[in-house]
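Each structure below is given as structure tokens.
Both complexes below contain chain A, partnered by chain B and then by chain C.
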Partner chain A sequence: MSATTMPRAARPAAGERSGGPTFGRVVAAEWTKLTSLRSPWWTALVTVVVAGAISYMSATASSVDPGFEPTHDLSTGLMLAQLGPLVLGVLYGAGEFRTGAFRTTFTLVPRRWPVLAAQAVVLTAFTLVLGVVTVAVCVAGVVPAAASRDMPLRLTEGETPGVMLGMVVLLLGMALLGLAFGALLRRTVPALVTALVVLVFLPVTLMMMSDPGTDANGMALPHSVTPAGAISVFTPGTGITLLTTSASSEGMPGTPDVGPVGGGLVVGAWVVLLLVVAGVRLRARDAR
Partner chain B sequence: MTTLTPRAAARPSRGAPARPGVTFPRVLAAEWTKLTSVVSNPWLALGTVVAAALTAYGLGLFVRADDGRSGSWVVVSGFLLAQIGFLVLGAGVGTSDHTTGTARVTFTAVPRRQPVLAAQVVVTTVAAAVTAALALGASYLATTGPRAGEAPALDPAVPGTLRVLVGFVVVGVAFALLGLGLGALLRRPADAIVTGIVLTFLLDFFLQGNPGRFTDTVRALLPSAGRRLLEDDAAVAVLDAATYGPQLGPWGGGAVLAAWVVLVLGAAAYRLARHDVR
Partner chain C sequence: MIEVEALTKRYGSTTAVDGLTFTARPGTVTGFLGPNGAGKSTTMRVVVGLERPTSGSTRVDGRRYADLPAPLHAVGVMLDARSVHPGRTAYKHLLAMAQTHGIGKARVNEVIAQTGLEPAARRRAGTFSLGMGQRLGIAGALLGDPQTLILDEPVNGLDPDGVLWVRRLVRELAAEGRTVLLSSHLMHELALCADRVVIIGRGRLLADATVQDIVERTERAGAVRVRTTEPEALARELLATGAQVTPAEGGALQVRGASVDEVGTAARRCGATVLELATESGTLEEAYLQLTGDAVEYRTADTRGGAR
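Showing the complex of A and B:
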């Protein structure tokens, strides 16, 4: 019997054999989960193609205008393409719960919140690459229109670098807000509907409410802040919209002029708030 | 062997009982049970009604008499948020069989499959019409205060007012049926909802910023053109005067939307009958 006991005693105990679920290994596992599915790649491809195609069409259509400036059409494609990262984030955040994989995941990582943090890290990395590629494709989409008018494409001058940075941050913000809604609500359809209402429909409604209107001659009133506009600037949807505006513009009618940096701070605050609430729900409530 | 014959005749026949198979009313009753027994559907209807009324109240507070809006615009302005509710209602009915796996049971019971889609159309129409009527009533009550104040009053004499009020219900039902068609066609709720929102709202909202002959023609051919039923005659005339594309008039947009509904439901019926259900 000593023959069998010897090797078993020599083998290290399970706890010593590995360092347990370190954060790096949770991140590696989440990276595999995200990239081994086909849908994130399809979503990314659709996002890039839609953004590029729309900026090409929009720049080509407006290249006949006398005041045409090629860099102004860079971000036009994002109005539709921003849905891609949002859907990606919602599906990724809720996917764990939808498929039942969370039972395995939370058995291995009993403290649970490192999983959510790792998901945020992984999604940030994925979306940053996606955002850079999308901006590059948008620039490529504007080139033919600029060439047709023999206009130089001034990407490094004035506010254009800021707008391009804002485009990447916009895609990142949509993905992380989607992740937060998905992780918080845990079911795809409610999370998707909530995210769409808050991020797509609410800004439009608030924009209609906050418009100060026109004077008796039908001319726009001078810039003034309306109550609805003051509320709207603190909503994530309006923050997202502000990200790709140029810093020198007057802002949207009726809203305080906080510029793209202010919009980015609002979006960042909402991302942190919603992810923290999702983390608290993970810690305090049952996962079934 | 002759002795066996009477005994065989006396034995009751095996297999399915000799009553008529699955009739349409029974499929309809089953679909109605499916719709009403899931808790999320009444909540969705309630959410749609509340969202419509709150939006109408909010927009009504900020509308002034010189904006060129009519009282009917104030009452139906909640459609902006309510439309997503109708879309999700339809998409839910269309996809629930496929996402939960109930499809296997359903289509074993109704092997010809298309009666199920027909029953879902009837059920969705009834549910969406009731929800829309409640939302319209709630919006009317919610905007009583604003309409008594600065916002314009609801005046039946303004041409097109009745069409706008009825249009709220009709377009709501049409959006729900479009969601049902997309759901039955794509079979995944996320896909159906995102496609529906792009078609009924986002593409139109985006193209609006780039007026031109091409973009205005595309806008006129999208299902979102159906929302023109929600504009009174003066607003429709303004829209027609501003467009570079085809001028649809008050009813053309409704016809475009109806064509989309028929097309998408037809495609869904084709896929259901011809392709595999897993």
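Showing the complex of A and C:
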């Protein structure tokens, strides 16, 4: 038996050959892991198709209005399509725990948090590409409606570039919030339900609660901030909603007008906070 | 080298591992034996840093696992088959593992060939049989060419070819001077491939010795089995010489305190015709059953015959 094996001294010492898990290597490994599953590609495909189809239908429907402006229909598809990156993030964040693959991952990277950081980097790269493709498909979706009215599509004028940037950031925000919920709750369905409640149900509820309503004559009250509205701007769901509003709009009734940039900052802060909590828990808890 | 020192792991009020101390040394296959729930897997998970000990410590090559600069090169780990994402192909799973340590694709293909995974390498791990899953786990453990291997139930679910292959592989790895810690509930399997055996029950150490030592400690070891036409006469004769005699299955007698020669001579003295006469040797399985304290339950004649 020993005749068939090489003497140990003939081999280079293992540790010297390639070293340990640097952050760059963990990112490369996570990229392989994300792209070698089918679910990211399916959710990406569904996101693009849904966004394109809805913006096409929405633009076609409103093209008969006298005040039709094609660029206003660009982001309508995201109302539904934003769920794609959310699902993608949740599946990616919870997947390791749901399947037990974290055992392999954490024995390779015992410090653990670099794995979560690398997942955020990889998901950002994947979703940025997905976001750009989605925006391009949404633009293509409104082209027929614009053409039917012989209207030019002014993508580089006014606030349209900002809105398109906001669309990409929205999809990225949803993916990263999904990742954070998945990493925190570790099971796909509870994470997805929680994310939907926080990101979709909560902003609608707060929006209704924060509306100051109308005066006795049925006229809208002058813009004033209600308590519910003040809370609302600090929630991730409202932040997401604000991302595709134009910078010059007054904001939603009863809420402080923080604009798309403010919404983006709120979303970013939530992403960082939730990922840090997930990372701290990774270090502190047993991985069974 | 794996050192486990006074390791205790509790989950709430349950104690999974209770003051366990043992060392797995280089050049040795150390078998890790115990019934389900004895704390084998828990101990292994603590050693590779997935769980932290309630008290005590574990070290690999003198370091805490978390302090190893390149874990994949130091320790090859195969825990249960559920450590792989079922949606990923075997090749991509191993490639992602390799990438964390900057190991190239050539080495990935090498371990795939070494473990006989080529036909299944491009299939998703979720479609694998238990045996293929075990081969994938072993491939991952070999990836970093580590000095220490920790294999949890590696022969579980393998076909006879696979069992032989694992047996030869761990022997070779130990012959190369590596440390191999291998758990199994298949006691005869450990008897065939382990040099030392660490037996635990309810989280406590029951035995830590060579396979030979443990087998010799069984109560059957050193006894003489004799079957004769006149068992009662022979028993009386032997008792008179100071030997201890107990009935064994098949109408035979088990004799202690007398050699084969002495039993044969005693048979001639009382005119009994000897039909069968031999020394008995224990098995690791018997030693294990006696050590785990459930031995009483298994000491009935028929179970014992079946356990041989």
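Note that the second predicted complex is superposed on the first by the 280 of 288 C-alpha atoms of A that agree within 3 Å, B and C clash if a C-alpha of one lies under 4 Å from a C-alpha of the other, contacts with A are read in each partner's own complex, and residues count from 1 in each chain.
The rule is short, and it goes like this: a residue touches a chain if its C-beta (ideal position, glycine included) is under 8 Å from a C-beta of that chain, and two chains touch if they have at least 3 such contacts.
Keep in mind it's a predicted model, so treat the numbers as computed, not measured.
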Exercise for the section: Record, for the superposition on chain A, whether partners chain B and chain C clash or fit. Expected result: fit
Exercise for the section: Would you check which partner chain A:Val26 touches, where first means chain B only, second means chain C only, and both and neither mean what they say? Expected result: second
Practice task
Look at A:Asp286 in the shared chain and tell me whether it touches chain B only, chain C only, both, or neither; answer first, second, both or neither.
Solution key: second
Exercise for the section: Scan A:Met79 for contacts with chain B and chain C and give back first, second, both or neither. Expected result: first
Fill in the blank from the handout: Superposed angle chain B/chain A/chain C, CA centres, nearest 10 degrees, is 80
Problem - chain B or chain C, by number of chain A residues touched - result: C
Completion exercise
The superposition places the nearest Cα atoms of chain B and chain C at a distance, in Å, of 12
Completion exercise
Residue positions on chain A within touch of chain B in the complex are 54, 58, 61-62, 76, 79-80, 83, 87, 90-91, 188-190, 192-193, 196-197, 200-201, 204-205, 208-211, 213, 216, 226, 228
Exercise for the section: Quick one: which bits of chain B touch chain A in the complex? Just the residue numbers, please. Expected result: 40, 51, 55, 58-59, 61-62, 64, 66-67, 80-81, 84, 88, 92, 189-190, 193-194, 197-198, 201-203, 205-206, 209-210, 212, 214-215
Practice task
Going by the contact rule at the top, pick out the chain C residues touching chain A in the complex.
Solution key: 45, 48-52, 65-66, 68-75, 77, 79-80, 82-89, 92-93, 95-97, 99-103, 140, 144-147, 168, 171-172, 175-177
Handout entry: chain C-touching residues of chain A, taken from the complex the two chains share
Key = 1-2, 4-8, 11, 14-15, 17-22, 25-26, 28-30, 32-33, 36-39, 95-96, 99-101, 103-104, 106-111, 286-288
